[in-house]
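Please go over the structures that come below.
In the two assemblies presented below, subunit A is common to both, partnered first by subunit B and then by subunit C.
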Partner chain A sequence: MNELSGLSWSAAWRVALGLPEAAPQWLIATIGLICIYGLVILPSGWMVAYLDRKLSADFQARVGPNRAGPAGFFQPLADLLKLLQKETVQEWSWREGFWLGVHTMALYSTVAVLPLGSLALLVDTDMSAFLPFWATLVLALGTMLMGFSQGSAPGWFGGVRVAAQALAGAFPALVALLSAGLQAGGFRWSAFAAIQGGSPLHWTAFANPFQFLAMVVFIISGLVLLGIPPLDAGLSIPDLHGGVASSLYGRRLSLFQLGRFYGFFLWSVITVVLFLGGWILPAGLSVSLQEGGDWKWLQLLELVWLLAKTYSLMVILVWVARVNPRSRVDQITDFAWKVLSPFSLFALIGAALCAGWNVWRAGV
Partner chain B sequence: MISVFSTIARYLLDVYYGARSVWSSCITAIPYLFSAGDFRKEVTEQYPDPISSRTADDLPPRTRGLLYNHIDRCTGCKECEKTCPTQCISIKADQGAEDAKLWVSKFDIDFSRCIFCGLCAEVCQPQSLVHTKQYEGAVYELTDLVASFGRGSVTNEQREKWASLRRAVESDEVFL
Partner chain C sequence: MIHEHLQEPEKERLRTDLASWEIGPYHGALPAPMQLQLTLDGEVIVSARVETGFLHRGLEKTFELHLWQSAPAYADHLDPEGSVFGELALCMAVEEIARIDVPERAKRIRVILSELTRVTAHMGYVARIARSVGSDTMVHYVLRDREKVLDLFELLSGARFSVNFLRFGGVQADVTEGFIERVLEVCDLIRFRLKEYNDLLTFNHAFLKRTVGVGIIPHGRVHHYGITGPNARASGHSLDVRKVAPYSGYGRVDFEIPMVTPEYGNEGDIHARFLIRLREIAQSVEILRQEAEAIPKGDFSVGPIDKDFVPPAGEAYSRVESSRGLLGCHVVSDGGRSPRRIQFRPPTFSLLAAIPELVRGVRIEDLPVLLMSLDLGIAEADR
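Let's turn to the complex of A and B:
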């Protein structure tokens, strides 16, 4: 098919980075992770943080950041620099060290499986779609420990809330993931790409109403699982003084916020890949570029297209979050168990029937 | 007894109401994106600096900025010192060369204590103590926040010298 598809992921990266043949695998993996982190995730954090602040300012009839750079574009960078130079006063506790370990593990393990284009698939196995899912659970566990490590009432209550939300959101998210896998016939990233097309009509979300329902359930249960606004009861300011993040500041706060953004970004990317056409370019551009052998252009355009869809999804979620009040934690868990779970099962049954119908029709 | 079907219908209706509530609040927010309508315009008063392309002159006429005392108009009556709720003004007025007017040797305003209430400027009879439109008073040392408007201390010799000069002027011995 193409000159790169037969090679292992490390070979594809080695060719892309222009490293010599003898380069060890760990070096390629490290450079790949740093590339993805520095070139995709951090700029995405910047972009979405900026859009979030500007949009929420608009919704509240405010001006928003406008001092750092043109229209305040460098505000996230300014915030980061300010947080980084803050002096640390508290000692590190072993729980916090554990949190840092879990956090780093979750972040790096999932960067490796992040689907960012047909050539940037570092790990493309039968379990690929599940790995980020478990990583979000690990992130939630780490956030809970983070809260417990502070030894304060907001930290304890925030940690318990984070754990309750993660447990409540995991089940519907998993069932919705199964629905998408049912349509694709597997959980490889490439399998999800293979059944979808560039036009929205060929996206899994619009294959049948059940898949659309599964997508909605998947997105909302991701918000519940990761505690993303407006479902962030574990970080509630009015009743918990910020919950698990109540006594975080400086470098720790920037690390924590980066982890939270990463969870949000990860979930949006997965939603786009599972339900919204992934990285497949519209108007058959993917096929023509593949046939032409323009690998660099192919990968670049795929990445841009995927990120454009991801940002759009994130902006929509920010929009919903900024105009709706934060939900109470018992209402969130109630909602996840009593509404999201039945609906996800309903979507799964419907999607299974649709898939069966398609198979039967193909047989006839 | 409530039937199963009415329970399910009630449940679905509740889900629908919830979704409608979220959706309608999202729709309500859209005009705010384009600053449409009087209630949706930004009302934020921006900090006057080159970025907002506003200057100190754009501030409202009765802005209570940093205080300034026109010391040649000041009578040294200490009304401002008495009325100041935070005791940030300290005045020392001595008998000057002219008998009718006090020599305000010390007129210090400690801006680290000033609350910019404007009471001092209000009671000032000769209207020498006024609020300017200056608003940037940040300094590195706390003591730098004390503004001194006094004429400085006067020795008895100086006082004598000016008194004799005044007498000379009044008796036309010196032409000005």
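Let's turn to the complex of A and C:
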């Protein structure tokens, strides 16, 4: 462990930001949040949106965006600016304020617990791994309320579908999370990092078959929970004109899309941290950088490595979504309750036996 | 009903009784302008009422107001997706009244055009089904290949849709140079692509889950509604005008009528209807290959049809197998400069009658897939 590990989270950030000793904690926290939001989440949204559009265009024998900037790289930005400048004609209602509030809460509350590297952990508590998990449920609640607030049949059906999926996906996801926690011996981000190594052989997913199963269940139930295509029955276009998002436009639509992306991103980051080696650099680079005291390089490389794995995971999921047709909501919830849940319990029991075996062997 | 009570938040409460939902005339779940009045129990449709006529153009009346010469151009608009079938049905009926003997070469060109149209219509069908289940990749693949066939129409007539190419007694012009060779090329391409479609969508697990056992037209109900064409063949009825009453030289072509039988397993459901279209594309390609290779030299028409063309008094009824089923055309001439009466028997009309029975018990998520799978040509039903 490094010399900073004994200090509070704020000290690490203060050193990284180069602030004076006397800087108050709230200031450090605010700057930290803005940094994470502006330098990680928004650019990630840009990157993944661009990769999604360009790669799916490639899969579908199309050209894809190619006008805004080199190879259409600025297309997501152009889209955002276009949405932001749209005139609002809808009247503001308390129902809309409510879903906006819930949505924003879910969006921003988890930024502080986002695990982005050994030094970037703003909050690292015993319950860390659960916080983003509950936040996605809150996001689903906000999405459901948003559907209801539109006062239209598509919004209503979409909202009910979103809620049904979120409930169905939450249980297997939670059990799969427990499996990873069993392996790590706790739910701190740092605990997950401590038991994994840079090489894929030392990732939790490949520790034993049960952990691999837990990872698969965790990813798929995340897709169910968040309603990521092709499991996005709540946003189905052919029958509901886009379901919960059917009457959104302009700024509301951009906020909603950002929320959708953030949920997906969050889930992918957690999957990488729990099962796929997190931010630990390969080839012992983390240790040598820590020993050399190169904190800024360490944090930067960790972040890049973590995001590279996250983007890869997201791109693979987008790929699957592009090939498969959309599933019906009753099939999705059936699948979550009747297939994912038993598998997650099986993985949990297996993971518990493996953990017990490891303890017994260590004792002998 | 849902709509109203959401407008008044203070009256909001959990309601579990039946709800009514009216969709259309323009809605994503509907393949064409029409209206559905649904009664829903949750997401399950309890009953439905269909209303059509939103695309009524007075087409049959229009024939009576114009010269015989211009009739094929209007028949062309009976169904924008299968324009050749409307033209062919009309031309065959008028040729019967006027006792015109169509040259062999013209007949073959007509068959080639019909089968190319069937291929484009079925490819459009596949693309619509793929879109309704949210499989965008398939949509782009199919539409990309359909462009190749539309290129052929453009090469021949200058138009990609509504070719307006058939004339009484033949076709408008001889085939362009290189057309036959390109038909053969496209045949090879499509045969190759069909396997790709099967790999990508036809037997995809999620697609099977959405389509197998949903929206079944039972074998016994096909005659009740008078359903014809691929939809009937998917339910085990083999009727195909090209076989039972060969026209325009279909009798000499060697081809099969694909059919789904009970032994096959999933008779009459969405997947059977989808599959039968793919197999019909394969058969059309076979017909195209035979016709293109055997096309004889000779005249493409008995001569120009000008504004003075008037068939003798009489009436005739012709039948062709369009991409949607049996298309009939009844022509009455009183020896005047305009048709006395021209009436079509479109295959879509019987399907509209079957919708209320078909959608009962179906979830609203399956509604677009089910409606697309029927291949409704509302233009020909409303006329």
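In this text, the second predicted complex is superposed on the first by the 362 of 364 C-alpha atoms of A that agree within 3 Å, B and C clash if a C-alpha of one lies under 4 Å from a C-alpha of the other, contacts with A are read in each partner's own complex, and residues count from 1 in each chain.
The rule we apply is simple: contacts are C-beta pairs under 8 Å (C-beta built on N, C-alpha and C of every residue); 3 or more make two chains touch, one makes a residue touch a chain.
All values reported here derive from a predicted model rather than from experimental measurement.
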| item | value |
| --- | --- |
| Partner chain(s) touched by A:Asp58 [first = subunit B, second = subunit C, both, neither] | first |
| First (subunit B), second (subunit C), both or neither touched by A:Arg67 | first |
| First, second, both or neither for A:Asp239, with subunit B first and subunit C second | second |
| Touching partner for A:Ser199 - first (subunit B), second (subunit C), both, neither | neither |
| First, second, both or neither for A:Val339, with subunit B first and subunit C second | first |
| Chain touching more of subunit A, residue-wise (subunit B, subunit C) | C |
| Which superposed partner A:Val320 touches (first subunit B, second subunit C, both, neither) | first |
| Residues on subunit A lying within both footprints (that of subunit B and that of subunit C) | 59-62, 322-324 |
| Subunit C-touching residues of subunit A, taken from the complex the two chains share | 56, 59-62, 95, 148, 151-153, 156-157, 229-230, 233, 236-241, 322-331 |
| Partner subunit B, residues of subunit A touching it in the complex | 55, 58-63, 66-67, 319-320, 322-324, 339, 343 |
| Partner subunit A, residues of subunit B touching it in the complex | 15, 18, 22, 25-26, 28-29, 32-33, 35, 39-44, 46, 51-52 |
| Residues of subunit C that touch subunit A when the two form their complex | 2-3, 6-7, 9, 21, 27-29, 43, 130-137, 140-141, 144, 200-201, 204, 206-207, 209-210, 363-369 |
